[in-house]
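Here the chain labels run A, B, C, D, E, F, G and H in written order, and each chain numbers its own residues starting at 1.
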Amino acid sequence: MNCERILIAGAGGQGIVFLGKLIANAALETVPHVTYFPSYGAEVRGGSSHCQVILSGREIPSPVAHQFEIMLILNEESFSRFLPQLLRNGLAVINSSLCSAEPAPNRLLVPATQTADEIGDPRVANLVLLGVLLSRRPLVTPARIEGALRAALGENKATLERNLAAFHAGLAME
Amino acid sequence: MNCERILIAGAGGQGIVFLGKLIANAALETVPHVTYFPSYGAEVRGGSSHCQVILSGREIPSPVAHQFEIMLILNEESFSRFLPQLLRNGLAVINSSLCSAEPAPNRLLVPATQTADEIGDPRVANLVLLGVLLSRRPLVTPARIEGALRAALGENKATLERNLAAFHAGLAME
Amino acid sequence: MTTRKQYHLTIDSERCKGCDLCMAFCAKDVIAMGTAMNSRGQHYARPTAPELCIGCLQCADICPDAAIEIEEEQS
Amino acid sequence: MTTRKQYHLTIDSERCKGCDLCMAFCAKDVIAMGTAMNSRGQHYARPTAPELCIGCLQCADICPDAAIEIEEEQS
Amino acid sequence: MTKRVLMTGNDAVGEGAIRAGCDAYFGYPITPQNELTAYMANHMPEHDRVFIQAESEIAAINMVFGAAVTGKRAMTSSSSPGISLKQEGLSYLAAAELPAVIVNVQRGGPGLGNIAPSQADYFQATKGGGHGDYNLIVMAPASVQEMHDLTIQSFVLADRFRTPVMVLTDGRLGQMMEPLVLHRGRPPVRPAKPWALTGASGRPSNLIRSLLLDDGVLEQHNLHLQRKFNRIKQSILQYEELHTRDCDVLVVAYGTSARIVKGVIDEARSKGLKVGLFRPITLWPYPSARIRQLAARVKGILVVEMSSGQMVEDVRLAVGDRTPVLFEGRMGGAVPLEADVMAALRRILRRRKGGTRS
Amino acid sequence: MTKRVLMTGNDAVGEGAIRAGCDAYFGYPITPQNELTAYMANHMPEHDRVFIQAESEIAAINMVFGAAVTGKRAMTSSSSPGISLKQEGLSYLAAAELPAVIVNVQRGGPGLGNIAPSQADYFQATKGGGHGDYNLIVMAPASVQEMHDLTIQSFVLADRFRTPVMVLTDGRLGQMMEPLVLHRGRPPVRPAKPWALTGASGRPSNLIRSLLLDDGVLEQHNLHLQRKFNRIKQSILQYEELHTRDCDVLVVAYGTSARIVKGVIDEARSKGLKVGLFRPITLWPYPSARIRQLAARVKGILVVEMSSGQMVEDVRLAVGDRTPVLFEGRMGGAVPLEADVMAALRRILRRRKGGTRS
Amino acid sequence: MTSTPSTRPPRHVATRYPLYHRPASLKPVPTHFCPGCGHGTAIKLIAETLDALGIRERTVGVAPVGCAVLAYNYLDCDISEAAHGRAAAVATGIKRCLPDRIVFSYQGDGDLAAIGMGETIHAANRGEHIAVIFVNNTVYGMTGGQMAPTTLIGQKTSTSPFGRDQATTGAPIKICELLNTLEAPWHIERVALDGPAGVRRTRKALTTAFQAQMDDKGYSFIEVLSPCPIHMRCTPVEAVGLIKEKMIPYFPLGIYRQNGQSMT
Amino acid sequence: MTSTPSTRPPRHVATRYPLYHRPASLKPVPTHFCPGCGHGTAIKLIAETLDALGIRERTVGVAPVGCAVLAYNYLDCDISEAAHGRAAAVATGIKRCLPDRIVFSYQGDGDLAAIGMGETIHAANRGEHIAVIFVNNTVYGMTGGQMAPTTLIGQKTSTSPFGRDQATTGAPIKICELLNTLEAPWHIERVALDGPAGVRRTRKALTTAFQAQMDDKGYSFIEVLSPCPIHMRCTPVEAVGLIKEKMIPYFPLGIYRQNGQSMT
């Protein structure tokens, strides 16, 4: 496996950290080297939030990337801030519900918040984006994501269902 | 004036610090260079107490002496501890009421506590010793000591009287 | 001649965080959560039945985000 | 036969600091400050009228320096 | 293959402490170490160990003092401002020769600063932020695995030398997740602690103190402490070297900075640039002798830190005038960029060997 | 001749503060600085200024913070353990760029230690005992006169650079009495303080803070602070030189140690030994450049401190490999003996010029 | 910023007047607080009070770290940060230097009742002429919902994951009651943001506190029971209910000290 | 050490028995306290209590700085120093690690009520199973007689040279009353070394406190009004009188909390 550097960015409350940890956990058993790194801890309310996940076949010297193969962008602010760090041949999956990005070859525009809202919770937009991503780049199998979701949300049935629904909606898109 | 390094030593409560400051203050206007240095602050109860006063015609580089021209020794413990630091041609004025020092050429044995007790307060033994010292070595005039005493104890008439009495008793001794 | 009072609610959609508190405390069901989203992706409250408003200020008082302003009109 | 109690006071001259408290609280004037001095140059308390002692322990209790010990003798 | 688990660095420290036999943990909330306190809140009770959320950082370090006097293994953790508050307590622990482990998950300063990772508490940790002549043993992990392993080692060293040990890390290592292999088996052996306060039963009463008023006693105690610190200096140095055999430029960096530098070195080597990394793992004692050796062979040394340049002083002290020592760093929670480090390396490589110090 | 008064160093600091226009003093008892707090209790009310005995050292430094935000001249004082407790507060003052004067009358450490004089808080004062990248300006008086004068200067520097200034002294200087000439005339001019919090009347509201969460803002603030610190380095260095023109050995010492060394130098010169003294008065910024210059001419440098050897690192950093730097010191409240210093000087004089570092 | 008027602007403007407008002392920016957070309400009320009493221009506030610290982004008066727990000391320094200004601190329960307990009691005991506004939301909000001294028995937080256990952590501390044992305080009152009526009582309490200082009376302390829906782990509406049902029974509302006299 | 028997040793030893002997838990060395200092009395009483309850060998004491710190020179049980004000935290650490040992702290008023206020209240609130012995002598003794939180109004100290001024420094803090607002404490009592009877009540209070811990009951707090003749600026006998006439009227004696129930 090559090195895939993934940036996930959005606003506080959009489940950025949750999504990053989810991917890292899902990859743990099949990807030789994994790091997850959040931009901020809990001490700041609101504001922006982003995190990085690196999946790699060889040792990851620096867990801090400044260029990315993959981006999941959840809002406008993150789009303008981070897109310059996307590699030319990278892929950005963008929440077009909250982001006025123009279409471009390496961009996938996904009305994630809208889709999530229809599922009943705009906060699961993150899983919609992940579904779309994995449908294009099979970094980990959907089953491992589902397993990781179950492990993370086990007790909370309703939330789990909404997350799974959003993920599947994403996987099935286009 | 030469450099006179004076050590005053005894137990807590014997007025060691008071005596040192008194000499320094009395010397302020007539002696070009004066330093006073206490061994301990107030944070220790009981135990021993000592201080140094240096009177000198030229600048005093180090206020910390380890050899002394003059010593005022108020108790046994101080005697055995400090006497080795007396210069060969120095002078030690020793409170023989509380100290079993043998007579010797450079020692003046003075029953200071006894004398003070007779005056009505064993705690003014310090002034007795000072009186004796100044009667031998006129470092400062008795009038300046009296002035300094008055400045220090002004409001407290009874104490002032006892101190003056002890000082004069010392001056008049032998 | 009876003076009729009318109340004008303004809810700042950018301040509103959709906490539902105004709705919960409005006795007259004047306010409801809208379906539109503001720039932070949050639904926000809308005065859906302003004509019912009695100007009691329950909503403005409870709103943590000072999103609601109310004016009174006499006619 | 009446048992007569007698009390033996011991005041440790090296512990005593001459604070006068025992004297102040002894109802029987058993204790007085001595004129001798201990090794620290302090006067110390002495039981000057031990025969008056009634063993009430006022002195031992109040003594901050645990300088006073009292024994009772029955005869 | 041994089972890997994915954990944040903060959790890995917590699990390390538990597996090291930490008997008592005293914490207080502060970002970016909150996960650690939460971890201990969750897991210490399971093991019937003591967990207290103290009323303040100062209370926490003094509870550690209390636990340590009983001979138990005790720990606290915080982040920069909270660690500043513990300075008196640290000085007391060192003075009273009490084993304890203190974790500083550094954040951006000074003042309240921010909650991004930083390495600006290096001086405070290594030179004695508290009063008086003492040193903490300071361990600097650079991976989640080391967060775990060095925490365990810290308990061992604390007991061995009767002295407080600090794990100096930062919010990046604390909050990042990596797979790691957990320590297996029993906690490291506990040395006998005849000095501990457990009730004076069948022995003379014990006394733990640092107030030494009698003439000369405090000086003697300081001489004793300095002898101990010298013994520590000679016995526990740890560092990692990468490509130091044939490098023209040596980079010295620890913790998160060292991770970033590793990335740069990979790239530099791939471009044929002879660059090596020296990563101190013990920050106190500092591996000065080894750095001095390496200095003789290189054109220059680049120190990379997330600070205004603190460890660089220890490198300069080690190196003297042997070779130029340059600094590249960022402050206030910012992380050095690989590109900047690379540029600095190229600047040094362009120099001739043995110039004067910059 | 100007009138001389006899005062303890502690009182001289207090009177200096009052004559510098100190508006508010916040203290807490600790030996050996108690005379200073008592002095302020006696005299601040006379001048209608603020005196508060705070409930703790931490409260005191934060009251100083409060007074400083209003633009008033504020001071606190303590001794080693109490200063350790103020480290968070000092970092906050530096971060928020608030002028204030802090006096540390050092005592023997670590821990509770004793109440004898010491210089073992040098690192804490000069390298930042608190968290984050900041420096205090540190002034080191060596006489009662300087206790007075440098206190006044400290208020001026604090205002000029909007930064906390520490007067680093010790119990010996604090409690010793010497005659001194008191500052006469008005307090030094106060610069305008448009940033001060006085109520937002006729201007936009002011904000004093050190929390800078927004991306990059804390880094910018740190860069700003570092530029300021560099400006300070270039403009306020103070030191005293004695017989440095023709010396074979240079002694570097400050404060009480320097006084003792002066005694030794008098004696050495009288015996024909070419010994000089370099006494830093500002400990931060440190007069490194001048020491480096002097180092080129001497056979060796002897650093004398009442510590295990802290300032010696700054001397070594300044000197590099130019000349050997030796250390002579005592810890735990003990004062270096003139005889020991003399012996160390003779050892260096026996060496040949320019050997390697010891 | 776009706003959504419920109706078009009417013609006869003369007869239309504001019943409630955002206070001028509140900066015109949206807050970063979570939806339904009581800090928004409390800060709004402080702004209203500054407006009502006309003291914005001579007020200096102190905001220590906690979600409270963001107050300085929203209140348009002079404000100083304070280190965690030290607001009372900072406010003391300010007030002593500026005795004719109005000084208040705005503190969370972690800040005031845990690390800041000493400073709080001593400032109250000295009778500093300041107003202390104490936002009791039963948790450390900013740091992610840890147990506070005011956390209710059984309440789950990230550091009391099995619910607060009275045997090992003690009972929630009642600060008003504690301070009421001191002699100096002028006014001590506990209010709650448990609904619009509570908001109004809170507004009144704040007015009393600031007015007391304008009249140079002494130390005022207003404890505000406040929702932190995020860490109370419920919706904003439920959080308000929780205040009513769980908090108020334990932390009784009312005036504990009035005009320097204890009311209990 | 020489001792001065009042009479020669009698013949019939069999009928002679000790009414009062120095307790075995008190080391046989003279103390460094000033003449008439209440610390001597209090430490003597602690030693007696350890003897009486037979717990010397399973007791760990905590002595913070203050004249109190010298307790460790005189009490013959395991003792730890604590940093100024932090005895309650240190004692907490000890007790949690050694739940079956008897743990007490011995603290002055500067220590406990000024810098240590936070630790004191929080340990009490957690209901730590420790005994806190609080020696209230209205001053900072060891550092030379500065004002303490307990200094009486008008009392001259080195930092209140014109007498303590209530307007700027507040009133003396009543710690028993303060702690009695908390839920956890098991026993809170104020006694005074104002004479032999006071000494006996103090002995009894100490016994209650240590016994409570032997029975695993909870937190006990004994405040001892105590003379510091040096800094009260009078003779030891006058100091005892001062306690009676000035201190007790302000700091009422009695049991504030018994068996976990408030008595007020």
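Just so it is clear, a residue touches a chain if its C-beta (ideal position, glycine included) is under 8 Å from a C-beta of that chain, and two chains touch if they have at least 3 such contacts.
Computed from a predicted structure; not experimentally measured.
*Asks:* When every step has to jump to a touching chain, what is the lowest number of steps that links subunit A to subunit E?
*Replies:* Between subunit A and subunit E, the shortest chain-hopping route counts 1.
*Asks:* Taking a step as a move to a touching chain, how many steps at least join subunit D to subunit E?
*Replies:* 2
*Asks:* By label order, what chains touch subunit C and subunit H together?
*Replies:* G
*Asks:* Taking each chain's centre as the mean of its CA atoms, which one is farthest from the centre of subunit A?
*Replies:* The most distant chain relative to subunit A turns out to be D.
*Asks:* If you average the CA atoms of subunit B and of subunit H, how many Å lie between those two points?
*Replies:* 38
*Asks:* Could you give the separation in Å between the centres of subunit B and subunit F, each centre being the mean of its C-alpha atoms?
*Replies:* So the centre of subunit B lies 34 Å away from the centre of subunit F.
*Asks:* Where the centres are mean C-alpha positions, what is the separation of subunit B from subunit E, in Å?
*Replies:* Computed from C-alpha means, the inter-chain centre distance equals 53 Å.
*Asks:* Report, in whole Å, the distance between the mean C-alpha point of subunit B and the mean C-alpha point of subunit C.
*Replies:* 86
*Asks:* What residues in subunit H touch two or more of the other chains?
*Replies:* In subunit H, the residues touching two or more other chains are 31, 33-34, 65, 69, 81, 83, 114-115, 117-118, 122, 126, 142-144, 149, 168-169.
*Asks:* Would you pick out the residues of subunit A that each touch at least 2 other chains?
*Replies:* If we look for residues of subunit A contacting two or more partner chains, we find 41-44, 47.
*Asks:* Quick one: which residues in subunit F touch 2 or more of the other chains?
*Replies:* 31, 34, 52, 55-56, 58, 81, 88, 92, 96, 111-112, 115-116, 209-211, 213
*Asks:* So in the complex, which bits of subunit G are touching subunit F?
*Replies:* 56-60, 62, 65, 69, 72, 75-83, 86, 89-98, 101-102, 118-119, 122, 126
*Asks:* Spell out the residues on subunit C that touch subunit G in their complex, using ranges where they run on.
*Replies:* 7-15, 17-21, 24-25, 42, 44, 46-47, 50, 55, 57-66, 68-75
*Asks:* Report the residues of subunit E in contact with subunit F in the complex, numbered from low to high.
*Replies:* Counting only subunit E, the residues touching subunit F are 58, 80-81, 83-85, 87-88, 91-92, 94-96, 106, 108-116, 118, 120-121, 123-124, 127-134, 209-213, 216-223, 225-226, 307-308, 310, 313, 316-317, 320-322, 330-334, 357.
*Asks:* Under the definition above, what is the set of subunit E residues touching subunit G in their complex?
*Replies:* 27-31, 34, 37-38, 41-42, 45, 52-53, 55-57, 81, 111-112
*Asks:* Over in the complex, which subunit B residues touch subunit F? Could you list them?
*Replies:* So the residues of subunit B in touch with subunit F come to 21, 24-25, 28, 33-38, 40-44, 61-64, 66.
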